[in-house]
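A, B, C and D label the chains in the order they appear, each numbered from 1.
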Amino acid sequence: MKKFVNDPKQFVPEMLEGIALANPDTLTYVPEYNLIMRSDAPRDGKVSIVQGSGSGHEPAHVMIVGKGMLDAACPGDVFAAPPMDYVYETTKRLASPAGVLLLVNNYTGDRMAFDMGREMAEADGIRVEILTVDDDVAVKDSLYTIGRRGVAGNFFVIKAVGAASERGADLDELVRIGKKVNDVTRTMGVALTACTPPAKGSPLFELGADEMEFGVGIHGEPGRERRPMTNADAIVDELLEAVASDLPYASGDRVALMINGLGGTPISELYLLYRRAHQQLAARGITVGRSYVNEYCTSLDMAGASLTLVRLDDELDGLLAEPAEVAIRVF
Amino acid sequence: MTAGPQDVEHVVRTIAQTALDNETYFGELDSVVGDGDFGYSLARGFEKVVEGWDDIDRTDPGTFLKKVGMIIASRVGGTSGPLWGTAFLRAGSTAGASAELTGEQVVAMLRAAADGIKARGQSDVGDKTLLDVLVPFTDRLEEELTGGADGGAALAAATRTAREAADATSEMVARKGRASYTGERSRGSVDAGAMALAVIAERLTQSWTTEGAS
Amino acid sequence: MKKFVNDPKQFVPEMLEGIALANPDTLTYVPEYNLIMRSDAPRDGKVSIVQGSGSGHEPAHVMIVGKGMLDAACPGDVFAAPPMDYVYETTKRLASPAGVLLLVNNYTGDRMAFDMGREMAEADGIRVEILTVDDDVAVKDSLYTIGRRGVAGNFFVIKAVGAASERGADLDELVRIGKKVNDVTRTMGVALTACTPPAKGSPLFELGADEMEFGVGIHGEPGRERRPMTNADAIVDELLEAVASDLPYASGDRVALMINGLGGTPISELYLLYRRAHQQLAARGITVGRSYVNEYCTSLDMAGASLTLVRLDDELDGLLAEPAEVAIRVF
Amino acid sequence: MTAGPQDVEHVVRTIAQTALDNETYFGELDSVVGDGDFGYSLARGFEKVVEGWDDIDRTDPGTFLKKVGMIIASRVGGTSGPLWGTAFLRAGSTAGASAELTGEQVVAMLRAAADGIKARGQSDVGDKTLLDVLVPFTDRLEEELTGGADGGAALAAATRTAREAADATSEMVARKGRASYTGERSRGSVDAGAMALAVIAERLTQSWTTEGAS
């Protein structure tokens, strides 16, 4: 396994310890619950915003804890929802009179853990709301599944509610805003290689030298279909068609465009994808008002990318423009 | 057939040992159309049970099972933590304060476990999950016991059913859990949770034969 | 080749076009010279800071053009120094009365192109200084080579002179500061996999499943030696020993610690490395005053990382703390 | 032996064609202890020369070579752009305004090219670079011409020397260029630039034989 890892079972704790050591002034680490929280949270007048999820999606979510984003993250093991206890204990520690907003990516394990954690926290008298994110258009038929998965679009929900809560929005208002963002956000991804979970030590699936996995999930779940590899422009065109026709985004719309790297793809390639997406949106009469090209929600070391569109209005534009201070940073 | 506290402990130990021994195998099964962590989650969960083994409250089998369920539900993540935890909790509650469990009670406990999983997972038989082994296994066990078979024979027969049911999940399309995202592509491989139950049943049958039952 | 690429010959221009499209308000793109420059440069009172280098190291350097960092970057093709013309034309366009500072990573090709470009610009009456960066301790014997390579430590030189030039420092002062940073900066890297240049289409070298390349260059040049793969902690210990004993950094020092990803390594693993490095520095009595965990100077899709130490004093600390606004960003 | 404008154009065309035809091979050579871009840089450079071919000033061979050198030096990156550009520039300057070049002039031009590379690259024979072919090739050519050989025979002999010298770089440790970073590890593989010159010489010899010389 070509990875920087010690004991695979300690992969997540050691990563969290690294984050804590690098941010001694702003973050607090509670090892027992994989909990990374703002050192200044909870605050009386501010709703606390918490995200769980599995690990392996970094910087989501432990590295986007900070002012204007999350107040805490309590991830489970790699690709595994956190245990109920993590959610409950985190909610207790983040309990603010203004309440706690639990953000949940729509997966069975996460929903169960957060539902159970919430029940227990409410029994303690804490005000809790759950907001579910499900932006992945790769999962078509919601009758047969628990519905769409929550993937990289999640970033926009966090950014918007994070900004609004810094401005003093109450819990109901945050739920409204979060739902609104989720409603106008769509994502689809493609994998060029499989990821290697540290505990498994080998790639999660095998992709031929000329194959790609279209509509892949961020846990290495197979996607819509396996296809022959094509060039960057053709890949963007297909991702864009799937995403843009889903809402649908229409001529005259102003959008945020995110090209999210899945972990093993260099940022140079992401800008190639961005270029084509921006140009093709322009051809559809859709203006890119905000651009995001980086790693936001990864799948360990998977080579690949996802494309996210968010339909903007003045409210969302203003919220996305607010500053934020998180562990993942360049300076 | 009756089962005392020793038997219940033996069953839990066997389940735990099976989970630990099959970490890689169960993980591989979950890799095909899932995310490959099922073996890891299950092993870490039962590792916690084994670690705390001596401190688990043994007032009666029901209490013991509930405490095991609490450890799993609260400390194990993924989909399996809540589901397996719920199963043990419900089985324990159904056992009540009995010191000795009758065959009927065991069947009722297994049904409660299945119902707990259905409720928690919003799933049912036919969705290509562990329920597709747990339910037919329980049905067969009840059938055999009602028909007069002794514990060992009934378990052996139910285990054969479990294996067949696990193999048969290969023909199904997943409708719940992560595998369901792949739709038709989930056909052709067995469900990891279902197969894990079959392997556990086989291990229990084996130890029942070698160590006998009360 | 599992990459997002169209015509490999268009890899660099298409990437640059993506950067330009994503930053229409702040950056100007001159395709003829692979030039990405601040739209508000040159400014009369401010020295223009320019970096060339080959491409394939993104975000270095085209994505760190912006306020407080570079005023322009004019990279060559992947892993190839820019042609002399790019340097000359860029210098002309960035010519400010305060002068132009050319930052050069110490490689033969880059030095030649910048020397020639500088001569031509000076003949036009432009005031130009060259500052060479050479922080890579992997290259031991400077008698046999042109000296040490410039690698990720380059970021700190850019950050410091960028900040100082925003404060109004003149060209001589910037040269002093840049040299000072270079003097207290040391880096060493390790590769777990080889990178695949788009034009080559296959990995630059072959590494066995249990091998790593110690002291690798950022162009996929082989390093000090090929070694059996070890765990993350052991790798950090060896990198740190090589880096820390070179200056040497001593007990009582305050340092900036950078763990730089080489392109294919997820940030989760970088934090594992950071954890160990931070702890081992503490054990040596060295305090981490500033931490940097991200991709700064990559080698395309290479899995691997480098470790950089910078000895801090109040002046450097203040310069590194200044804000900057660049294309590579999360928000 | 004399060489006219046609011959000089033919030589440059042949060099360009060799660079284009061997892009992959030269790149592979540079991959062993370098960064693999030598073939690409050289091909892109001579592509630019070929693209602008008809517009290159042909006042005399010297001017033509200087213009070629300018294109390469100014528009080609990497280490090769400045080095090869300088070589053509210096060769062109040395040719002066002659319309026909004598054998002696050709030798002087090659020496000027080598000196230009040495100055620009701060390198010398023995550093495991293209100089380790260019210099012995020029020495041998001079020797043969002085000894009375005709152009074709002299070129053929110098080409054999070039091939031997290129092969011999395999035994050397690189002291300049990217390969030098690997120190002792650079031993055992030939230098990419050196081998490129040998291949170019072979191609020139071949076309000299088939097309004759003036």
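Quick note on the criterion: a contact is a pair of C-beta atoms (placed from the backbone, for glycine too) under 8 Å apart; a residue touches a chain by one contact, two chains touch by 3 or more.
All values reported here derive from a predicted model rather than from experimental measurement.
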(request) Quickly list, by label, the chains bordering both chain B and chain D. (result) none
(message) By mean C-alpha position, what chain is farthest away from chain C?
(response) B
(request) Report the inter-chain centroid distance for chain B and chain C in whole angstrom, where each centroid is the mean of the CA atoms. (result) 55
(request) Please work out the Cα centroid separation of chain C and chain D, and write it as a whole number of Å. (result) 33
(request) Could you give the separation in Å between the centres of chain A and chain C, each centre being the mean of its C-alpha atoms? (result) 29
(message) So in the complex, the part of chain C that touches chain D is made up of which residues?
(response) 9, 54, 76-86, 88, 107-109, 112-113, 116, 138-141, 144-146, 149, 197, 199-200, 204-205, 217, 219-223, 225
(message) Under the stated contact criterion, what part of chain C meets chain A in this complex?
(response) 2-6, 11, 14-19, 21-23, 55-56, 58-59, 63-64, 159, 192-193, 207, 209, 212, 229, 231-233, 235, 263-275, 278-279, 288, 291-296, 298, 300-301, 303, 305, 320, 323-324, 326, 328-331
(message) For a test of understanding, state which residues of chain B touch chain A in their complex under the given definition.
(response) 27, 31-37, 40-41, 44, 73-83, 85, 120-122, 173, 175-183, 185
